[in-house]
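Both complexes below contain chain A, partnered by chain B and then by chain C.
Moving on, here comes the complex of A and B:
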């Protein structure tokens, strides 16, 4: 293995020398559990011999009417107990738009869609049963191309689109395949193009991608005799799942209080385990079969074709700029291949439609982001949430425009980079940003402007630098909450429902509480959520939990601290403004000898002079909702709302060596500087940078989802859908942390998780051009494409 | 994911039993050695069998022997066994080099060379080396034994010269009579385990006899006899290589598939032929790069 991760110590823009826990490289609080294998994942849970197994009956067609389902042969198979079909579940469900059924109703809309499910005593019997269910279909002509889907003659994937309930910020076009059309209009783009000295127009293509988490989706549901539904899920979103389950199971009279979702550790999420995908089957099957736990475990192929996929997109971009390097206008149209159901994916389209200007100040802007139904698997959230997709075209275009203008591409970016207070595409104003600092640091690290020569005559070296930004995409009232409770020895339990999905959330929450309450992280336990016990969190998506959940934890800690101060004031008659916490004790500014250890009072109270006890168990409660956010703007322009809470910005650079004959690429150095506001745990931020870049490079160099002419995914496996191995690592990855504090973030922190992968595709495309002067406009940028482009030049 | 298909399983202890069963069942009985292809196919319902005959309990086919210049590889010999063998490394380095590119360590610990050529996919990594070393395959059936030269073995994609009643016993390779150098080159989509987009195996000796085999560039792994004939006795230089590439192009017939386009395969076939020959020549005269070093750099 050649991976070298260079940890550069960065000068902090803000010095907080008085922090005990924040900004420190603490070990992960879940580390021991994971390395000793004490950590349990959903499939590890034991349910004894009562456990039943389920298997899905799947559509072999991309688009067909279901004429008849015959379950009689399946029921005769030894071990098969029940076959469940759509007739028992007439309610639609969905996160942002209700366009899905638990089982296909009378129409199947993608290959692999669940038509029925079999419950059996063993996994083998369930699979045999599923194979024995006979379904008669009438095949229809599938819609497989998002651009052709706009044709008036195209079949409609959803005839009843006009009747589908959806959030108020979606604009479905009844009678078409357009499920949502986000229009963003700012300034006068026609005038902007007139002012331009150069105009460049082109089309870029981004295919679909799979998350490829190590752990497949799994769910166990138990509907007990009392009407209590408990769901164990491998999920990023336990509370959102509970809410969606309630909606889908409405005919059964199941209320929120009756459903308990328990989320174990998960083996990778990347957005794929957000919302509700196959888990709906677990809930429906449990409700259909009272009293026995039922397990449904997706195999790797199902993981590819029946969870969420990252949506494909065709993007048309027109950019105008002056010879001085100022972008005068941008027109950006995105045709999203959103798949058969868009209940979650339409919000990806929305997010891109609000932000496709990239981190640039563009006064004249026209963005059309169209969510288009196709008969391919449902699109949905994937790390980057639409930003990687539009950034490929945009940042490729930035380099090409700079070349046309004969301006250095880095300088071109510096000229146009957004700064604090600039007007955003939808009219609100930009938060503090360290993008210029990020650009400069990356520029220096990759020695921009210094041409490097390979030792091998067959190889050329290219460099690139691109910028990125991203905001959490969430409902304006997405909220977080936290409980903190003290134990007898002064240790803490923090209860949150933000999910540990590998990013280190539990550790960061412990660090934030530790900072306020002066309890060492080693004495704090934070665990994965159980919706009965833990307080509400919307979802762990959008790189917002350090910020949102972190604010809630900080407030909970402050609440607990306030309760401590109130108690001490009451018992000792010390003015609470003189009190402070230090080393697990309460101290007083005016009485240096005063020291009250937490372990002396946080459960059993403080004994007063009259021998009575005051106080009791100390607990803190905190909640956070971005009260300034609003998703409501003018449907024709997008102006007027404040849909995004903040943008995290940064820059990334690449040094790429390319074999001129085979096209094979080797990353000599990858650099990424991200302005995370405040790195609560710098090692974890660096982990996000390294991991994110590797995932990003995978999408640009290797991964490639292929469908045949019938809409069937032909590579739902790692034999032919390639994700990199240790042997494919870059030679060097340099993570750089920039810290321009976010005013409303905990200790100035803002989101960072997704951002680290989104610049990777244009980085590679631009470095290939820099080295060889060939421009690849469709992802992935494989060695095959590079070699053939060069060969045919 | 469990296998749902039903079949009988026989772990035979004697060749007599094995051959009797195979004779009785014919193609309805599948042979299980490493199982790295068969089990996957059964699990995904891409193959069916009434019976699996497990060879792992049979005597005499689990080892590698080298006697009188003949290397014998038993049907149960895995790729990991080959990689560990100093004899293979010393005397048949192309086979040793190719073995290291087969899938991953876990798969190589189970997958057998015999299974690799019985599966007979166009990208089989062991095929090229066996072709250039003129291997012979020993087949047994209830009433006879016969040898099939490797060049007659592959009869089509996933098809071999083996009869339904036969079981592959072993593979024999003769040590070349004079000093040779060789190279195995595999083009894959990334550095991790992959099925070859294209592969080349070349050897050369002191008389400038060249042997060239390719994989994934035709319905079966093949020798490039015309290219070999052209190169015979010639020095490897830019001129001969360019001419050789032209001839090679008439000998390959690649298709476009999930793993590569036809155009890239044709382009890379020429690049790979040149690099494989240059590498073998360098090894012959300078001893570098060492065997096992560097694939498509």
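Moving on, here comes the complex of A and C:
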């Protein structure tokens, strides 16, 4: 199978040939390290014989009061050195809302929640010790359904919600299970429904999902005798972790300068290693045991039930449209099963509440996105950050409305697709978008309108096309920074704290610096961060680091270039406006023979006529913050702020073959066209599309977290929670790159990582309907559901 | 617990050790030998991140006891780095940007080495079958399969 990469052939786009490094299919700068197994991940680091091991004591109940904890038997076990409980750490922590406890306080709120932890000389002793800690519980009736949790009679998961500190754009409803309610109101939806010729109302259901990064979470903490805390974490967010650690450990007098977070390569993130989850235990245990490094590794089951999960959601949608195909109004209510703690997950709910209109121009809009506490594991960030979840219902509904209106569903989307300058749900204006181009290209690629027949008479072929959009969800002042330093031979080190989580950040940063400084990528080293040495980056989430960190690197490179030009101007008396860089040298427009190689001066300076040296080591500094962003809007309408920096848009298409008897599905062709503004490295964008789509298809075809009536996860392993193998690949994936430049992006780039899995669920549901006229409204759309629906038809 | 004396070859080097009978080969390699290419992903044979070659055959080292290595030849990616066929595979993996986070890479490389050693002309479906025990969450497998296919003899 051959992959085709298509480029936009529009005049607006700068031609590829204008660039040396940007827009090129370069090989990854971390390629050889990973292929030779030289790459080190957190659990690969060595700490010597002083290393201690920890294990967690976990709640067997979804909701219970802790009556008593008896640690005496555990302390008698050979090798056990210490048992730490909530009494030692009565502190809350959280990213957007401080509602999570280091160890459960007097209440456990999900099965698997940490109640205590045991520190021991060996992993075996730690596990034995954890099993020997006796906890008396008084079981309570758990809250397991987000809609029932809204009932006035429902128990409250958090009775003290009103006291929890949170960011100003959250609106907790005291005395209820609603931790945050994002309301977005635009236009007059009552009037909009009156103008409609057709109104369609329905409910869709999305379950919880697990990230399933192959590397489990791991942390090593060392609180040394001088009071310095060093944390080695498998993390997408070293600086955010440092800040959250400070927030939780403040009572110990530990400040930012005292904490150092070191992040190695990480074995997959997908949002699951953003923020702080189990790492808080590593920090707390280290602080409680001065002078010895302590390691905590999550096993695969813990990875499923005590990190973050993608939240489940029940979505109720009402859409009105005219017979000409114009959407006149949309009412969308999302009841999120946010889990026991929502310190991060509430922002997923917020993001969806701002953008659940999808990439459509809808003048009359009412969105209610409710973050509801339940006694299930904490929800949190997962690739797509709420957009996959609302898109399932929305894009299923788009096809169904088109059918009602007797309009072609692709035409229906083209009529309503958002354009540059359109008013967004919260009142700001839409950035440049190539969504129409993306729709047309996907339409052509899947031969939309041409009915295909399977060679097997028991099989039908269905097609679908859906649109998507997504914006980074981040605080308005989330920022990036970069240092660039030259070495003697003219090579570069780039220091950033954007994380390499597989997406290729290090390579893309090298390409951006290479473009400005004309140093080949092969002479640039970029490494994973250490918060003491690398400059600040908020987090590597939201598909925003190519844009944010890329802007910082570009500015750092420009700063270094400026320093070079200043120096050459000073020494050679050449006007710096005549200088330019080419092939690792400084050149001059007015003096064709002038060539000063970087290796001749970037460290040791330029020798002047009097034999003295001028200059010194060349370094560049760059920072970036989206200074136009603001998260503050009207709480009742969401109007007035500018919470989202930009949206990446696109369209995806599917050709799906389905067995009419078994419901078994085979993806014949999957197509995704995404407007990433500018593909800094098209091959890496292609990698995001192919990988992200398979992850997305898995959520709709078979993945599904199952909980029993007690709130216990019953499939926390890869035997019972199947993720795709090589045998589950689609027959063909066609990635299409659209490039409508983002004005404030580095070389026009905007994010692309998450977007590639967002459209997959409605693609499958709509293709199933196209083939068999059965509509599945709850994810996953498994072969069993399809077969049963056909059977009962 | 009584320990057992074992002797085996690890990446071409003779090893003598005394191990507890319940210790997994994975734990022994990582924490006793300092061999870090086999990774801990699931510890129950599902993910393939801990794959090593045992007498030329891939095994999940989390499911093999260290005592079972007695008398065997164990090769990890550290050792396979010197193998010509592995090197050819690695070159193609690099050209294709075949891995993203890289955590599954050592296991995939050994599965691919085993396949092309036994079946140098392996076709696409055989390749998918051979690496179907190595889970990768990032890439969608396509560039990995492409690279192995490019390395296989036509």
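The criterion applied here is as follows: the second predicted complex is superposed on the first by the 778 of 793 C-alpha atoms of A that agree within 3 Å, B and C clash if a C-alpha of one lies under 4 Å from a C-alpha of the other, contacts with A are read in each partner's own complex, and residues count from 1 in each chain.
One rule holds for everything that comes next: a residue touches a chain if its C-beta (ideal position, glycine included) is under 8 Å from a C-beta of that chain, and two chains touch if they have at least 3 such contacts.
Values in this document were obtained by computation on a predicted structure and should not be read as measured data.
Asker: Just checking: does A:299 make contact with chain B only, chain C only, both, or neither of them? Give me first, second, both or neither.
Answerer: After superposition on chain A, A:299 lies in contact with both partners, chain B and chain C.
Asker: Look at A:266 in the shared chain and tell me whether it touches chain B only, chain C only, both, or neither; answer first, second, both or neither.
Answerer: second
Asker: Going by the contact rule set out at the top, does A:727 touch chain B (first), chain C (second), both, or neither?
Answerer: both
Asker: Counting only touches as set out at the top, which of chain B and chain C does A:719 meet: first, second, both, neither?
Answerer: A:719: touches chain B and chain C.
Asker: What is the contact status of A:687 with respect to chain B (first) and chain C (second): first, second, both, or neither?
Answerer: Only chain C; A:687 stays clear of chain B.
Asker: What's your read, chain B or chain C touching more residues of chain A?
Answerer: Of chain B and chain C, the partner in contact with more residues of chain A is C.
Asker: Which residues would you name on chain A as touching chain B in one complex and chain C in the other?
Answerer: 299, 719, 724-725, 727.
Asker: Show me the residue ranges of chain C that touch chain A in the complex, using the header's touch definition.
Answerer: Listed in rising order, the residues of chain C that touch chain A are 30, 34, 36-37, 39-44, 46-47, 49, 76-78, 81, 90, 93-95, 97-106, 109, 124, 127-129, 131-146.
Asker: Could you pull out which chain A residues touch chain C in their complex?
Answerer: Against chain C, the touching part of chain A is residues 1, 3, 27-28, 30-37, 39-41, 43-44, 46, 211-216, 265-270, 297, 299-300, 501-504, 683-684, 687, 690-695, 717-719, 723-727, 729, 733.
Asker: In the complex, go through chain A and note every residue touching chain B.
Answerer: 123-124, 127-128, 131, 299, 456, 458, 659, 661-662, 664, 701-702, 706, 714-715, 719-720, 722, 724-725, 727-728, 782-784, 787-788, 791
Asker: Taking the complex as given, what residues does chain B use to touch chain A?
Answerer: The contact residues of chain B facing chain A are 1-4, 187, 189-195, 258-261, 263-264, 267-268, 271, 296-297.
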